[in-house]
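Okay, here's the structure, questions in a sec.
Per-chain residue numbering starts at 1, and chain names A, B, C and D are given in the order in which the chains are listed.
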Amino acid sequence: MKGKFCETPEEALDGLLVPGMTIMSGGFGLVGNPETLIDAIARDGVSRLTIISNNCGATGFGLWRLLANSQIERMISSYIGDNALFEQRVLDGALALELNPQGTLAERIRAGGAGIPAFYTRTGVGTVVAEGKPHEEIDGVTYVRERWLRADLAIIKACRADPEGNLVFRKTARNFNPDMATAARITVVEAEELVPAGALDPDHIHTPGIFVDRIVKATINERRVENRTTRAREAVA
Amino acid sequence: MKGKFCETPEEALDGLLVPGMTIMSGGFGLVGNPETLIDAIARDGVSRLTIISNNCGATGFGLWRLLANSQIERMISSYIGDNALFEQRVLDGALALELNPQGTLAERIRAGGAGIPAFYTRTGVGTVVAEGKPHEEIDGVTYVRERWLRADLAIIKACRADPEGNLVFRKTARNFNPDMATAARITVVEAEELVPAGALDPDHIHTPGIFVDRIVKATINERRVENRTTRAREAVA
Amino acid sequence: MSRGWDRDAMAARAARELRDGDYVNLGIGIPTLVANHIPAGMRVTLQSENGMLGMGPFPYDDEVDPDLVNAGKQTITALPSSSFFSSSASFAMIRGGHIDLAILGAMEVSADGDIANWSVPGKMMKGIGGAMDLVSGVRRVVAVMDHVGKSGQPKLVARCSLPLTGRNVVDIVITNLGVFACGKRGEGMRLVECAPGVSIAELRETTAAPFLEAVS
Amino acid sequence: MSRGWDRDAMAARAARELRDGDYVNLGIGIPTLVANHIPAGMRVTLQSENGMLGMGPFPYDDEVDPDLVNAGKQTITALPSSSFFSSSASFAMIRGGHIDLAILGAMEVSADGDIANWSVPGKMMKGIGGAMDLVSGVRRVVAVMDHVGKSGQPKLVARCSLPLTGRNVVDIVITNLGVFACGKRGEGMRLVECAPGVSIAELRETTAAPFLEAVS
């Protein structure tokens, strides 16, 4: 079963953490976050990080911990939400923030993995996010040109992984994870379940192993719920 | 089970075939071709078609039949192979051919579906396919700008389809099919198997139903093998 | 006062913009309530931009799945027709014009369809999320908001004062006082419907942009 | 004559360019034979640009599956490590620089790494296929071809006469007479190795471009 499997998060990240590096971190809100690897990065203490992630965790959870640890210098995100610590760091000038439309962020990452240095989109035209970027009228519509995003390291949370690095995600925990897995020089995955070769249906692999360098079993799976919303069960008549 | 399911190929294509239209047709070589729908288009006889497809069938098979029927005016492809009829039509001036690198063709179609009117790629720079197209140096590398491709109709071959239009493909019969399903105004699918709602695992759907308008059961599944290559079974010792 | 629409009535009015077979994205707040007003028998499929098509209702308490949330991070359920996909695939769907309708909250909308709904200068911004992609990519955009702000200032204006989410993108604005069709191509804003008990004169007073009275 | 390499020996020589863990795309013809020369115990994963990673050997006669072919349309098999994907995903993998090595046939290669392998003027072209994407996107490109053409004309040249597949893209050229490293950044072509029984003088005679004699 060895293949790309590592024994510990430290082994999975060995030699990869360098001050000033750029890290992509999968997840949307608190769903599909590589909690085990984030914890290891917090323990390592590597600083001056640029983090590319849709959000920045929540109090005590996920990337928020790296923020609390003053490890993050710059964030490229789409949504921060209510994050008092984040706000304070931005106001203090200790944290640079680049906000992207969520779809532009996803496509820039996909472009980074696909060898496409720039593409045109209508998203953001006429708004602050398009300021200073090249514009082009194509077939009578104005588009803005956006650049690819790439990283030194991507940290990814998967549901299942085989020794080849083939990954399967679960429900909306997929989100940015498969895109980011393609866009970094090195991709390290934590998976809830490590399965033997041949256990995954080759027609249903979300991330082919070529995009994955190292895998470790996820040992932190808090999977915190941000906004628990339920309905009452109807009384049986 | 009704949903987007139609009874016959004629019903699935009803009102959609117009002379001069552009049709995307899935498939790579003879694998994953919408044979049932191509047959219906041949019987309809609609003419002056622009066809976007990686290949153009083979003698007696697939899109070759529309070529033999003089229904095709223009092809956008990446590879023709040994196709004497195709060659003759091009030499006669009866058929216009636009050759694309296969990856550029795939990405142009994906861009058509994703609302990206243009993107940059290194593929083709310095060759005839880049001539006359805008070039740009980005971070010291020269790229060529390619445009999206869209169609009036996409015809798609799937393995399984549910009434919602969710599709699953099989092995290398997937190829251009899911990309093309996103890039046409109307997408018509033939599937080897029609399954009830809930039969497909929502984590493993290749094409979400939003991209599919009509579905018919594939009744022609010749699945011809172009290049049968085998190895001898070792003698039992 | 019973004049105009309450939140639920605004959602009900927004639901009247739905067509059978529509694929729809609902924003946070009042737009989320629209799901409760989909007419029986009408097939409407809800997209969630974090990577899901075919959103079901909120879960029962014992059904909650931390891996299954909508774009508002609320726990939800799946349906037999559901599918999941990546963020890039989700926004390819949105940007590519495959979603028929987006119903979104707004802070300001202009007569020609500009919308501002993500940032207030001087306040810490929460972020952009999928709003810019939705207003630029979805075929038809419906904005839902109160007709005037807390201090009484008009929110339906000639020109937005807040940072824009998109320019010339809103088709219909539904407020607690009425329904307007924006003039995305410079054709002028048009009053479509007054809420119960609301006069055109009152709308003129509380709207900081001219509109045509083409009420049906 | 036993001078130089035959087709199989060229494939064996090309296989020496493989590194453990490599993801590799093999073209049609001699490159396909490289799969037979992967050293035992070396982990090499073969990509097929029609949408597969982890190609297995050709099938036994009773295993043939019409839905399972490589880019040369040959029937193949899958492995326990295999995965299938769409054409756009496959070429994202190629264009994005994720494939370590491509071994491709060629008609002409120039000293600075230009390659022509898709079209001969005056002959009907078969098409481009994935060749342009591969030479532009793959990290390391190895071209395999006869040293001279049927009429004796050099194929390793100062400047290609045939329509190009890519410019400054080939790293290594393996012919039946020797191995050369191209000068992609204008640093000049370099002789790496002579095939058995082939002299440098002979290579000078049959090569239409200057090269450095940095034979190890």
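We take it that contacts are C-beta pairs under 8 Å (C-beta built on N, C-alpha and C of every residue); 3 or more make two chains touch, one makes a residue touch a chain.
The shown structure was predicted, so the numbers you read here are calculated from the model rather than taken from an experiment.
The minimum number of touch steps linking subunit C to subunit D comes to 2.
By number of C-beta pairs in contact, B-D leads when B-C and B-D are compared. Ranked by separation of Cα centres from subunit B, the top chain is C.
For the pair subunit A and subunit D, the distance between mean C-alpha positions equals 36 Å. Chain centres here are Cα averages; for subunit A and subunit C they lie 28 Å apart.
The multi-chain contact residues of subunit A, meaning those touching 2 or more other chains, are 107, 110, 114-116, 121-122, 169-171, 174, 202-203. Residue positions 78, 84-85, 91-92, 94-95, 137 of subunit D each touch two or more of the other chains. This structure has the following touching chain pairs: A-B, A-C, A-D, B-C, B-D. Taken in their complex, subunit D has these residues touching subunit B: 48-52, 57-61, 63-70, 72-76, 78, 84-88, 90-92, 94-95, 114, 124-133, 136-137, 163-168. Residue ranges on subunit A touching subunit C, taken from their complex, read 28-32, 54-55, 77-82, 87, 90-91, 99-107, 109-110, 121-129, 169-179, 206, 223-233. The residues of subunit D lying in touch with subunit A in their complex are 23, 45, 47, 53-54, 78, 80-85, 91-99, 137.
Only residues 110, 112-116, 162-164, 166, 182, 197-198, 202-203, 205, 208-211 of subunit A touch subunit D when the two sit together in their complex. Of all residues in subunit B, those touching subunit A in their complex are 107, 111, 114-122, 136, 138-139, 141, 143, 147, 168-171, 174, 201-204.
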